[in-house]
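First subunit A sits with subunit B, and in the next complex the same chain sits with subunit C.
== the complex of A and B ==
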């Protein structure tokens, strides 16, 4: 069984935010919620680097560990998803996540949080595949259609890779061999630890 | 005359009050079964995608898609 992973090659990312736009458009993500964002390190300084960050679908997901209502599950290929019907919007997952992936839409006054929203690796959620309910709650289920996350498929420089972890690692290894330098697999150590 | 009538109604009123109290207090009774919390066990509905992912064809389709769309030329 393949283990799905994201990898952002910081040497290739040009901070175009195409991945962010593709994600928002594909899943009709509401205002104020960004499932993916581009973070620029040392912005304005020569040698600055940008990394596209979203839920990394961690091997031992901290969000799932802290969830008081146990609404998280991991698919056989390592995609971390959650049930919005169970989510109580407590925000524990937001504090636990090392990537700041969980998002909460502002729905009511007085800081009341709505249901948590995060990247689904374009795999929807626990509703009938490609149903209207799934689209409304979790966004489009591209994996069920035999497709991969749109953010990576839209990436013009192929900086963002999403798919079978072994295949992703092979491509990245080949790049490092060709261009030299040290491998910088942003977030992999944190997300996948021994599995990285 | 009225006091005799009141005395006759008192046991009836007491019985009625007891009945109302016993009925209303049944809601406060302790439940016999205990809800056990199993930490870390997913409690939501089943995702149909999980069954689909068992299909080797689905895995192959995703791998082909990756090789076609994301590998370096």
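== the complex of A and C ==
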């Protein structure tokens, strides 16, 4: 069985934010919510690096461990999804997540947040695959159509890789062998631990 | 005479200040024990396992800094969007799901067991004589405030407990859908009831602070556990030493719980995750602690002690009850047989006048 992972090659990412835009457009993500973002380190100085980050679909996911209503589940492909019908908008997943992935359509006084939204690895949610309800709550289910996440598919420099963890690691290893330098499987230790 | 009084007042104010300061320190320090446990390696979190093998490589340093939470720039606006990895969440998860749930839950169960055992073995604390004559103990305002705070506390406790233990206890009973429906109600109830409760609690605490200043005879009371050990009843003022201990525990826990709860209540105020994690631990641990304290209070204030509940219901208590549990206060109310050496004297006479 495939174990889906994201990997962003910081040597290639040019901070074009194409992945961010593609994601927002594909899933009609609500205003104020960004399932993916690009972070630039040492912006404007030599050694500047950019990384595109979204939910990493962690092994032993912290969000799932703290959710009071236990609304997360991991698919056979290792994708971490959640059920918005159960979510009470407590924000605990956001406190626990190392990557700042869970987002809320509101942030108001008296803890009003609305239902949590996050990257689904383009795999929708618990509703019927590709149903209208799924599209409305979670966005498009590309995985059910045999496709990979759109952010990675349309990345112009192929910095962002998505797919089976072993295949992603192989592609990355090949690049390192060709161009030299040290591998930096960014975020993998945090997200996948021993599984990395 | 006058000089004596002011120095007494000063001493009293000092006693209050010291108690408050110590209480605050303890309430802030308690939740930290979880972090200490983590730091000393009792709890292992993911970040501790991140490999340090490339300690000298500058690029490795670079990525280690990222794992440590250094902030970059992101075109996506919002709070902390520039932070790639925030490791505090892993500690928060470990502390909340670990020691806070375990020790908090155990404490509540232990208190219930101790109270049940006490009730089975010793029964209720009996009223030795009922005279039929009553003394006014609580004004209508005090009673209304007490029940207002008590009822909102119970609602906050049930909704709070649902958030922390519902997943383990209620989901197996109600199913995920059933529990989610309850939790979706419990959360906003907890959030909207919080401030009205905090206002009531503050008023109640201020109203009774003067009567809860520790006195020398309170030690005698504590030493004999309110008469449980040895012969006869130890002397007590308007509040006996046991009630004073309750008061200060609720004071300490209440301050910690209110401050932390209010902090968590406003995610719109640009609060960063690290502080939310910290205050959440303060809130859940002080909340569970307070529930344990309140259980003791509820028991002793109802079935545990004969004749006490009627006071908080009607405002009147039997003279026999006053003599048995609040001997010094009783003497003051009854015309000061002993010279009133108490700040409470004024209150005592005024309530006697209404009898």
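Quick notes
Just so it is clear, the second predicted complex is superposed on the first by the 191 of 196 C-alpha atoms of A that agree within 3 Å, B and C clash if a C-alpha of one lies under 4 Å from a C-alpha of the other, contacts with A are read in each partner's own complex, and residues count from 1 in each chain.
By our rule, a residue touches a chain if its C-beta (ideal position, glycine included) is under 8 Å from a C-beta of that chain, and two chains touch if they have at least 3 such contacts.
Computed from a predicted model, the values in this text were never measured in an experiment.
Of the two partner chains placed by the overlay, only subunit C lies in contact with A:34; subunit B stays clear of it.
In the superposition on chain A, A:141 contacts subunit B only, with no contact to subunit C.
In the superposed model, A:100 lies in contact with subunit C only, and not with subunit B.
In the superposition on chain A, A:190 makes contact with subunit C only, not with subunit B. Of the two partner chains placed by superposition, subunit B and subunit C are both touched by A:85. In the superposed model, A:69 makes contact with both subunit B and subunit C. Legend: residue contacts after superposition of the two complexes on their common chain; A:46 is shown touching neither subunit B nor subunit C.
Once the two complexes are laid over each other on the shared chain, residue contacts for A:108 go to subunit C alone; subunit B is not touched.
Residues 65, 69-71, 85-86 of subunit A lie at the contact with subunit B in one complex and at the contact with subunit C in the other. Here subunit A touches subunit C in the complex through residues 15, 17, 20, 32, 34, 37-43, 47, 49, 51, 53, 62, 65-71, 85-91, 94-100, 107-113, 182, 184, 186-187, 189-190, 193, going by the rule given at the top. By the touch criterion given at the top, residues 46-47, 49-51, 54, 57, 59-60, 62-63, 66-67, 70, 72-76, 78, 80-87, 89-90, 92-93, 96-97, 162-164, 166-167, 171, 176-177, 179-180, 183-184, 187-188, 191-192, 264-268, 273, 276-277, 280 of subunit C touch subunit A in their complex. Those residues of subunit A lying in contact with subunit B across their complex are 1-2, 64-65, 69-73, 75-77, 81-83, 85-86, 123-129, 141, 143-144, 146-148, 152-153, 158, 161-164, 167-168, 171, 174-175. Listing the residues of subunit B that touch subunit A in their complex gives 38-50, 52-54, 58-59, 61-63, 65-67, 69-72.
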